Structures are given as structure tokens and as C-alpha cells.
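Chain IDs A, B and C follow the sequence of writing; residue 1 opens each chain.
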Amino acid sequence: MTNFLSLADVTDLDALIQSGRDAKTNPFTDQHLGKNKTIGLLFFNSSLRTRLSTQKAAQNLGLNVITMNVGQDSWGLEMEEGVIMDSDKAEHVREAAAVIGRYCDIIGIRAFAGLQDRELDYKEQVMNQFAKYANVPIVNLESATRHPLQSLADCITIEEAKTKARPKVVLTWLPHFKPLPQAVANSFCEWMNARAHSGDVEFVVTHPKGYELAPEFVGNARIIYNQDEAFEGADFIYGKNWSSYTHYGQVLTKDPSWAVTMDDIRRSDNGKFMHCLPVRRNLKVSDQVLDSPHSLVIEQAANREWSAQAVLKEILKSL
Amino acid sequence: MTNFLSLADVTDLDALIQSGRDAKTNPFTDQHLGKNKTIGLLFFNSSLRTRLSTQKAAQNLGLNVITMNVGQDSWGLEMEEGVIMDSDKAEHVREAAAVIGRYCDIIGIRAFAGLQDRELDYKEQVMNQFAKYANVPIVNLESATRHPLQSLADCITIEEAKTKARPKVVLTWLPHFKPLPQAVANSFCEWMNARAHSGDVEFVVTHPKGYELAPEFVGNARIIYNQDEAFEGADFIYGKNWSSYTHYGQVLTKDPSWAVTMDDIRRSDNGKFMHCLPVRRNLKVSDQVLDSPHSLVIEQAANREWSAQAVLKEILKSL
Amino acid sequence: MTNFLSLADVTDLDALIQSGRDAKTNPFTDQHLGKNKTIGLLFFNSSLRTRLSTQKAAQNLGLNVITMNVGQDSWGLEMEEGVIMDSDKAEHVREAAAVIGRYCDIIGIRAFAGLQDRELDYKEQVMNQFAKYANVPIVNLESATRHPLQSLADCITIEEAKTKARPKVVLTWLPHFKPLPQAVANSFCEWMNARAHSGDVEFVVTHPKGYELAPEFVGNARIIYNQDEAFEGADFIYGKNWSSYTHYGQVLTKDPSWAVTMDDIRRSDNGKFMHCLPVRRNLKVSDQVLDSPHSLVIEQAANREWSAQAVLKEILKSL
């Protein structure tokens, strides 16, 4: 694996999921792989789980870790080509990426969507520019349109918890007062569509009208606008808020009836609740659901360590 | 030791002090204890000594260290139960603590008093919520009402420097223009009362009227409102400013006569000056005292490494 | 080597350059030197290359690394002696340096010029106070008037890339709209004057009138105010902007004709372009130069790792 930017970089998804589960059982068996190697983790945005779990996974593999809050520890990076650099951005990504690539064997990057300019966000400038100029593997720690380490952790979690061969997985939009990126939802669709294609899950998406995700992500997933109907027989209810893609970055509704409660769980087939965290309690999902045995959110977050370890192991093997 | 939140978590104080002194002599003999284990250090507030000394102690013990500035690297945490999370706090401590507890074998936390609401501060919400939900040992790196790693370092320092079996230790309030927490003073009282009870010190507290500390901390310590009288025959003068507990969080006086000078040292029995640092020179204590052989402040700060190492070793042994 | 504050701390420059080149070939042969030792890296200012390369070099040598953003992670430090500390600076460097020196075996410090008060900047208060009070070796990670790790990397880069025994090296001022420190230019003069003295380079400086550097740095270097004339026959063109030393901290001109373009390269003897980065493209130097084989900027930045490793190795050997 030379980069981990999206599902397209995964050649064998089943093997990658299994590798994560193996790491969970035996975290320290591959420590020789990272010896005298360094991963640099660049955060253009805040992080808790990603920061901790990626660092932990790297250390499990014997890697040195250098973490940097770009902009805070350093300065703004210019991503556009050919410009006269007279703004507040003091360094061009061409230099920054190439230089960091000389110090680090792998670079992980978090850079959220700005939610102002859909075209700009969806061309994934930060990831692509780093991939172009760094000359070392790039790991997506959540980009403008994707969060593949989360999606891999989600796959691991579903594999662990499923009670039937082909569980029904429902992605549901949840209400929120702030506009959030589509990255987690996009990525989840991308990965679940692959799992559906291989017959491992049945995948359904439910959201209010106006919250349709980008066609290249939602693909052939079945859309059901009626949440109650979508939840019928669900084995996994995967909650997430996102802002509108069509009315880009806007909050079109905060309808509280879309929040997940125990009534929704009862409508499902003894369904499990998943959410990537952070989650706003009683706004997006009730305390009762989160504090019940139906909730997988902690296990799902814990699996972030193992999804990162599976990916870093693949990359280290290819260095 | 399953947590280190306060003196109540210490079963054998003499042994813990000795363990710190042993670590100072042989820092690296217990490196196997931390192998493949990780401590997460969460800072809700600024830190210099605590950040460096705890990290150093952890590395001496072979631990991996992950440091995070909560709020700056991540986002605000909701501590209250049952609320609708529509504020600026994006994550609940129930999730944050449980998840960090999945990545880390031990969690250290610094979270100062807000000094706005006494009841809130004194219920130690951050420490108690993390202790409740993390499922791994919690180490207090200074909380709203206590700073036990400082108090342990203070005990080690007094043991090293004492010239008589039962030295007289005087905690004195010092003037300051800003309202500071009571944590260090509270904790020092708690630990010195224990040392007085076992016959290891004589303990006296002196401060202006209105600066009485909380009864549960000051306990049966002797209060002398006249600083000169309190200093007579003192072997250790422990300086600290704190804001009022009764008029909560207020600065009632800045009376410069409470600052410690060489006149005060002369009044003592060739006394040593202690302060937890940072200390504002010539506001709380004179250059002459700090730059004289009477000052123990550097040794005291250096002993923070060994108090942290003693505590982390106890915890690692119990994992 | 007991400190690395400036060239004056280097006893054998040829050997130090060679040591850096050796580290580049065999990075991990001296890992025993840093075992159970810790370097603290204190950043009073932003950093990318210095932060990453110093950390990497330290890890190559087996050192533990603790990084701290002073002021952000901690609080402001008072540098003046004898003051009453009633400002926003909560701790005196006397305590901070002495304490950090108890936790760390080596301390690296970055502290830029304020550019408000020439006398203050040029007395190098931060470096000198830490060197005075820390009791452990101090490494200059760019100070008010010098950037010696950069200069050493520059020497390594020139040695690697030179095609004749005594290449002509030209330091040229570049235009910029913001006032920048003189540190890199000062330091480059200091080191190149030494290289010129030993017959290893011919050294020329070119800049607009009013941008004369401090006499103690520019020394006997030849000044040519006509940039075109200075570039004739140049093997290395070293670009850098700096604000005026005589009209301290001021931007006297932004004349774009001083930017380096391919016309300048053609005027040289197939010259190589160097710059310490970050560099503002098309403001200080054209895309065409930076993206051509004439540019050494990435290799020069990569050599920061090896200059840091050479210096840290010298210091570790003397501990």
C-alpha cells in the first residue's frame, strides 16, 4: 500500500479487516516493522480519537511519532500552484510536503472541509498535494470528503458484532445545529457499498430530503426517506449528522424527530447503535441508547487503534 | 494503587516517599514495568513542571507517553450528566474518558478550579468523572482542590533536607494581585497533617484573616494569624498564594508585608524556603531569599520527577 | 561541546561538517549515546523544519524528546533580573531554566528577535539566560541574531553540491513585505566568513543600501550593491530577506527586481539556488528557479536533520 487516501487504495478489504482484528489480539508482534522509522502526524484541525489512536497504533508497530498542529506549531500552507505568495500563508505545500517527506517515512494528515466551496473541498487539495509532493506514503486522518480509518474501524466493529451473515446496516442522518462535513457519511457509504457488493451487508441510507450525499459516494445504496421504515429489521443503526451537499454546507433542518431513541432501537432487529464520536447526547441520540448494551460507540472508537495499525502495517511492509 | 487522586489513595506514605528517593538514586531500574504500556497526559490548563516531570518519570519507567492539550488539540468536554448537548462542548466525558481509557493504560489529568463556583470546584467533577468512566487508573496532575504529586514531592524534599527528627513546617500565604486556586495549599495541609499525625513534622499555617482554607483540608493544623510569630523556630517556610475560600475566589488583600524576605528567614531556625513554582520574584518572595542557600525551590521542583515516578510505579505494579 | 549557541562553540568545523555527512549515510550507529537521556525542545516561536529535524536527529541518537510550546503550553517567562514580577510573565527564567535543566540533559531553544529594540535583541537574552541558569548544554534552534543549525546545514549542502575546490557563494537580500529577523543572514555570514578564511569558499554579500548587516556578523565579507554584478560567476546563490539593521526592523524597500529569477541563474556559473525555507514563491524567487535542477532548497532542508545530529552527537559525547 503506497497511500491510504480512500478505499481505492485497499486491494483486499477482507484481509485488511482481519489484520485489524489480529492486531487487536496481538498488538505488539510487528514492532520490528517500524524500527528506526518515523511517522509524522499533521493536524490542520482538532482531533482526539484520531490523534491518540494513530499514535498508539504507530507505537505498537515500533514507529517513532512526531505530531504537529499545523498553523499552531507552524504556519499556514499555500496549496494553490503558481500564485504570488503575498498572503498570510508563508510556505507552499510543494516545499512543506517535500521536506516533511525527507524527515518522515509516512505522513498522516487531517484536514477538514471548509464547507464554503464545494468544488474546492471535493477536489481534496490538501491530500492530493501532499500525495503529489511528499514522496512518501500519505495516510488520510480525515480529509474534506473522506474518513477511511473510521470506515475501516466501522467494518471491524460490524464484523465483531454481527449475529448473522448479511446484517442490515442503516446509515441515518441525525439533527445538529452546526454545519458538519460529509466526510464520515461519504466514507461510510463508500465502504458499505463495497461490503454490500461482496454480499457482507445489506446497506440502506436514510435522511431528510435535501441531505442527499454526493453521487460518487452514495452510489447504488438504497435511499429511504422515512427513517422509521428504514430502521425496520436493522441490525446496525449508524448515526451521523452532515450538512447539505446540494445546498452546500447548509443546515436545512434541525428536526429533533431524527434523533435516535430507544423507540428506534425497538423498531430495529435488536439493533446496535454506532456513531464515530464525538456525539452530542440528547441532541443526536438519547442517553438511554448510548448507555444501553445496544451502543457500540466505545468499542467502535477503540477499534480506531486497530484500523490504524492494520493500515500502517500494510504501508510499512511496502516501504 | 488504582487511582492517585489524593492522599486517600496512598496506603503507605513512608514507603511512597522512600520509593521516590530510590527512583532519584536509580531512575532506570524499573523500565520493564512500562514496556508496551501508554500513559495519556491530558492538560485542560497550562503546565511546565508537571508536563515535563511526569513525561520524564513515565519514560524512566519505559512507558510510552501521549500528551494532549484538551480544548486546544481537541474540543471542550461536557461534564454534566443528562444534559442536551447544545453548547460549545462537543463531547461528553462519558465517551471521552471511556475511549481514552481504551487507548491508554493510565491517564493523567490537569484541570484547575474555575474559582467562580465553590461548590462546583470542590466536587472535583473532572477527576471524578474520569475516574468513574475511564476504567483505567487516573493520576491527578493538579485538580480544582488538590495537587498531590506536588505534595509528595514536598514530602520528599523535606525528608532530604531536614536536620532534626521533627522539623517545624510553616505554610504561609503570600501576596499576589491575581486570584489563584487553593489546590496547592489544600493539598499541602492534607499531607502535612498526615506527617504531623505520624510525628514526622510539626505543622503550622499562617495567613491573613479571611484566607482560612476549607475545614476538610486544614483539619487540626495550628493557625497563627501573626506571620512573624508563626515563623519563629521554623525549619521550613512553605510559601503560596491562594484566593479566599470563604469569599470564594476573591483577592481580599495584597499586603506586601506578607512576602517572604531575609528578615523572615532570620526569624526562623535557619529555615529553608519552599515554593511549588512558578513564583513571582519580589512580589511573593525576595530575590535574596530565592538566590540564597536557604531556597529549596529548584530541588523541590526536581523532586516532581521522583514523586511522579513513585506514583506511576505503584500504579504499574497494580495493573 | 558544552553549548551550541554560535560558531564560537565549534572547535573543528571541517570535522563537524563531516560528522553531519556521516550521519546522513549511517543515521543509527550512535543510538547508544542518547540512551536514557532526554532533550527538551522549547519553542517560543513557530517552527516546522527545526521542530521535525531536531526531533528526528535526537531520536536517531536514541534520545527521548520532550517538546514544549512556551507561552502556549506553559506561560510567559521573565528574562530581566531584579524586577518585581507584577506583569503577565508568571515565571522567571532563573527558575524555569534551572528546573528544566534538572529534567533534561540537553535543552534546545527557539526564540526570535522582537525587532522592536535592537540592543535587546542583539544581547541574546533568552539564550544567554538559559545558558547561565540551566546547568546543561543549550542548543540554539534560532535565536534573535543567529541560526547556527541552519548555517551548519548550509555548509553541508555546499560541500555536497560544490563542483570546484573554492566555489563562489553569494548571499543576496530578497524582497518581502514583512519585516523579518536578520538571524539567518547574520549566521550565514559568520559561517561563510570562516569558510572563506580557511579557503573553502569565496564569499560575497549583495543587498540594497540600508540593509547592511551588523559589523560583527558581516565582518570582512565583500559587499557588492549591484546584484547582477554580484551574481557573475556565482556557484551558489543564497537568498534571504531581512529587515534593516541600521533602521532597525524596518522594511526600506520591496523592490521586486531583487527577487531571484532564471535570468539571475543564467548570469551565474550554472549556479545553485539556496534558501532556508519557508520561502514565498514568486515574491522572493520564481517558480521556475525553485522547480528547476538549480534549486537545492529541499536537500538543504533535509540536511537540517544531519546538522542537528552532528551537533547533538558532539554534545552527548561531552556529557
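The rule is short, and it goes like this: a residue touches a chain if its C-beta (ideal position, glycine included) is under 8 Å from a C-beta of that chain, and two chains touch if they have at least 3 such contacts.
Since the model is a prediction, treat every value here as computed from it, not as a measurement.
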### Task
State the superposition rotation angle between the two copies subunit A and subunit B, fitting on C-alpha atoms only and giving a multiple of 5 degrees from 0 to 180.
120
### Task
Call it same or different for subunit A and subunit C: same when shared residue numbers make up over half of all numbers used at their interface.
different
### Task
Please compute the C-alpha centroid of subunit A, do the same for subunit C, then give the distance between them in whole Å.
39
### Summary
Each of the following residues of subunit C touches two or more other chains, namely 72
### Sites on subunit C touched by subunit B in the complex
36, 38, 40, 64, 66, 68, 72-75, 78, 82-86, 90-92, 94-96, 98-100, 102-104
### Query
So in the complex, which bits of subunit C are touching subunit A?
27-28, 43, 46-49, 51-53, 55-56, 59-60, 69, 72, 177, 277-283, 287, 290-291, 297-298, 301-302, 305
